[in-house]
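Taking it in order: structure first as structure tokens, then the write-up.
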Amino acid sequence: MVPAGATSTISGVFPICPTPFLENGDLDIDTFDRLVDFYVECGVHGLIVLGIFGEAAMLTAEEGMIILRRTVARSAGRLPVILGTGNLTLRDLASLSLQAMEEGAFGLMVAPPRGVRTDEQIHTAVARQMKAIGPDVPVFFQDYPPFNDVVMSVPLILTLAREYPQIVSLKVEDNPVLGKITRIRQGLESWARPAPTLMVANSGIYGAPALRRGADGLATGFSYPEVLVGIDAMAKQGDIEGATDLFDAHLPMICQELQPGLGLRVRKHVLWRRGLLRTPTVRQAVPRLDATDIEEIDWLIARGERRLADLGWEKTESGRWVPAAA
Amino acid sequence: MVPAGATSTISGVFPICPTPFLENGDLDIDTFDRLVDFYVECGVHGLIVLGIFGEAAMLTAEEGMIILRRTVARSAGRLPVILGTGNLTLRDLASLSLQAMEEGAFGLMVAPPRGVRTDEQIHTAVARQMKAIGPDVPVFFQDYPPFNDVVMSVPLILTLAREYPQIVSLKVEDNPVLGKITRIRQGLESWARPAPTLMVANSGIYGAPALRRGADGLATGFSYPEVLVGIDAMAKQGDIEGATDLFDAHLPMICQELQPGLGLRVRKHVLWRRGLLRTPTVRQAVPRLDATDIEEIDWLIARGERRLADLGWEKTESGRWVPAAA
Amino acid sequence: MVPAGATSTISGVFPICPTPFLENGDLDIDTFDRLVDFYVECGVHGLIVLGIFGEAAMLTAEEGMIILRRTVARSAGRLPVILGTGNLTLRDLASLSLQAMEEGAFGLMVAPPRGVRTDEQIHTAVARQMKAIGPDVPVFFQDYPPFNDVVMSVPLILTLAREYPQIVSLKVEDNPVLGKITRIRQGLESWARPAPTLMVANSGIYGAPALRRGADGLATGFSYPEVLVGIDAMAKQGDIEGATDLFDAHLPMICQELQPGLGLRVRKHVLWRRGLLRTPTVRQAVPRLDATDIEEIDWLIARGERRLADLGWEKTESGRWVPAAA
Amino acid sequence: MVPAGATSTISGVFPICPTPFLENGDLDIDTFDRLVDFYVECGVHGLIVLGIFGEAAMLTAEEGMIILRRTVARSAGRLPVILGTGNLTLRDLASLSLQAMEEGAFGLMVAPPRGVRTDEQIHTAVARQMKAIGPDVPVFFQDYPPFNDVVMSVPLILTLAREYPQIVSLKVEDNPVLGKITRIRQGLESWARPAPTLMVANSGIYGAPALRRGADGLATGFSYPEVLVGIDAMAKQGDIEGATDLFDAHLPMICQELQPGLGLRVRKHVLWRRGLLRTPTVRQAVPRLDATDIEEIDWLIARGERRLADLGWEKTESGRWVPAAA
């Protein structure tokens, strides 16, 4: 059984951490410490390592474990750490699951494997995954068709969540996503046992409307995590207009980060400009940003930060943005 | 309600009729009469017009009706005529359905529309189609992922068949297909009311094993329909080895006709060589056969007919093959 | 040869017109007149009818011609009218081309047919289309992978534009799109003869950055065409910050309209709320908006219009927004 | 530079070796020795390990190296060994390339990475792969859209082969494939330096016609490699009718092995029945064969072997089939 409280743990802002590289492509593990500290300072509620944006597919199994260990060690209990499992095979899932929990992970992020189509095929495949992982490991279950080309209906997601109580949270990033959030929310309402939380991703593009519809939080790698924390907090305090103003100020950059392939470059560029990465290096074979791209992103950074200032936020010495009142 | 007996009508060999064109691409409607006569002589059990192989997507609505009328008129009650509905919209499906039945069609061949993925989406879309068609029109329901990219599980197909009694036959051409046939067959066993028949297509590539597993017949445009009739008859008389010998003799040509795009050209070429079409013209923008292709197909025709002769068949004056005993 | 000046004609704002329907799904042709008048008042530079957003695939050939005629008649030379050709076959393209020009269309919007993949296949297929259309009909050539699953490289697009001078404008909506715009722009720079203009679409989501990179205009069905005209005008007057402020104010709604399937409903709902459509009816089988969706869209309308007012725009009695200074 | 003669080495029959597993899914490395011996006895011309059929995606990097070493050691120079590289990243490709050559591999089998579409994207991606591999490693270049969803035109394949002389052989398994073979063959005719050889795969389904069109050999995991050797030999001796008779006798089983997912099970079952594998275990999450499937495959084995006997072949004591004359 997953520990009591596991369900409500995954709520609020769970950034997908980037994996920092040196210019030669080697892991820049030292930068991880700084990143973890930054996320803690931002007030996020948890961390997801080895997600898509973490370029998990480009890492060896050893590198993955190094990252997990470092993140757990540095967060030192301050933040629950979720481990992405990308497109692991069932065999690897079983062994990783054990290892990850021993290393101090809070749980695993899991998506159905590529190649299944019908409800029956998805059901069978997820059943195998859950069996491989076992009932004691909290699962952050990912509905993410652009990644694995698996489309799940709301009834199927609810069935899976009901059958596998280790699914403590649902990460929904289908497109359209908003109606799906509402329907899942409704489906979870009458549960006797704690229902999984509902997190939205989609690079954050529908973040504010999703929170307005009752999502429990945001799980995205957007390059201003402190802003996500602000949006989430205001929404939960009932100030949805304020949350949406804050969100809208960043939508142009969110749209930039949404671009297939290129978005990874954009995000790492912004994080690098913000001093959070030593280099914007990526391992994935995606086109480089050229001078025009970079000039444009820098212009959007400036515009976004200006709007943030207009909304009463200010930049700390370390480069983090905080509401002026705080 | 569909008429009593509609279910058992779709059984045996239902060729997908080609649509004959003149060299300039105009409809060669006169050739249709000859084709219909030929199919009747071959002993097929029904005809499907305006299927994929009939290049339905390349025809105007008027041309479609001309073809339907001509086929019904010429078959003169000798063969039930099924009308393909390709990727018609719901509006068009409703109006076509009425019109087709008035013109004497036996029923419609229907596949779920492109773009639906989950069981729930497929169920909703098919429900709309069935409502548009109405309960009185026999439906030959097509499971054909290469055409519409819709993959249906066996439980879903059975649910649809149970809910819509107008579905009098199932045309299964998923890949893999054989296990699906067995599972559907098992699922239909215990039905109180007449269960839909089970027809196999896939260009015929698994024809003999499918009949061995209990398929009720073959619905394919293979260029030797009289051979399909022979295979079907032998299989149903219990001579599955003989049926498979006959089938195997044609498998090389079936594999040629299986090629995406090109298969249409191959089939029309063979039918043209056999004197059944005035030209091998197609409307679809598929690559032409070059001299090497044609030489190869002609070589395969010769090899196939030699094996047919080895198996005791002979060619009539009109070019049709018949078992020597007949 | 296409008429002199055809190239520069397609520049600025070219909305994709919706097709208005009555509640029973019949064509609401009367509403077209009002729509055309509205677009003229908004100051758009041309109109595109029978695009994807115009639900071309749901219309009969007759309905298409009725719409074209009505649009041409009502615009009465005030606006060039481009006719979408969706997924017409080559045969239909040839006949439509003639007819459309006789009816007074300015030109055709054409995309490569579904099913071609390699540069060679695309080249061959487009060559056939251009031959069917003929050299005298201005073509607005569409690069739109989400529609036809055809991905074209920049070198291929430039080759096609060079070989077929009837291509007077390029509508680019690949994703990522911005770098593509820059590369095409660079590739067109040194042309001796007038190079095609470069229009951006993608539901407008990268509208402001695209204009900043030198796109000649916007071709999208966004529900506030007058805002697009404002953005385009400011960008061309060099006020890119102002243009982007205006653009950003509408990005939340643009993102709503971007949702696959649902976006069509959202747009028609907004146009209906704005009094431009008699009903928000669509023909396409896309999920309906529920009460939550509608409440959300109405909330976004209110937010968007508030920001528009903040930027100094005001609503005329007829419901059109205009810059206060105007 | 690749060694002289590397080009002509890849010609004839190059089976894709299965990876044997114990019932618990562990590597059954002992069985590899027997398999290699069997392939040598069959007279094949080379071996491909870690291909798709070798379930490369299910193996750890360590297991891959174990298999390579064992195959090289056991073949002891009797057969060139090609190493599949599946969907390795560029980083892994570079390190694997070095390691594989040190371990005695003859060369690498390489396919463009998933996710590239246009000629330009494919060209760039393959250039990166070739740079990572270096000019000294012979490359068996794979055109295999069902695996990576990359479609390459003939001109592009020829360009790549011309630019990268390390490409010593082309493995073509697009669909349709036959015309592609002819066009590539023609394109290679006039080369000054040794042109790459041309191998056909597609599970062997067009094996005989492909050899007739001038393919240099067959690279497939079909479960009767000795039959492939016979077909190849007869075709090269000019007895294309005899080769095709032999081929046709096995086409029903080839079609069974062609089924997506299931084909892997079928092949391993047949190899197991033939005594070449200790278990038919697979690691991939593909549906199991049920009793009906197994009965059917066994029936097809019996039919195929009967036809082989009819064609004058006989079974040796070790279970290998040989032409009676031999």
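Remarks
Here the chain labels run A, B, C and D in written order, and each chain numbers its own residues starting at 1.
Note that in this section a contact is a pair of C-beta atoms (placed from the backbone, for glycine too) under 8 Å apart; a residue touches a chain by one contact, two chains touch by 3 or more.
In this text the structure is predicted, and so the values were computed from the model without any measurement.
Farthest from chain D, judged by the mean position of CA atoms in each chain, is C. Should one ask which of C-D and A-C has more C-beta pairs in contact, the pair is A-C. If you average the CA atoms of chain C and of chain D, the two centres end up 49 Å from each other. Centroids of chain A and chain D (each the mean of its C-alpha atoms) stand 41 Å apart.
The centroid of the Cα atoms in chain A and the matching centroid in chain C are 35 Å apart. Chain D has residues 261 in contact with two or more other chains.
Remark: chain D residues 25, 57-58, 60-61, 89-91, 113, 115, 125, 128, 261, 283, 285 touch chain A in the complex. Every residue of chain D that touches chain C in the complex is listed here, in rising order: 117-121, 151-156. Residues 175-176, 178-179, 182, 205-206, 208-209, 212-213, 241, 244, 248, 251-252, 255, 259-262, 287, 290, 292-293, 296, 300, 303 of chain D are the ones touching chain B in the complex.
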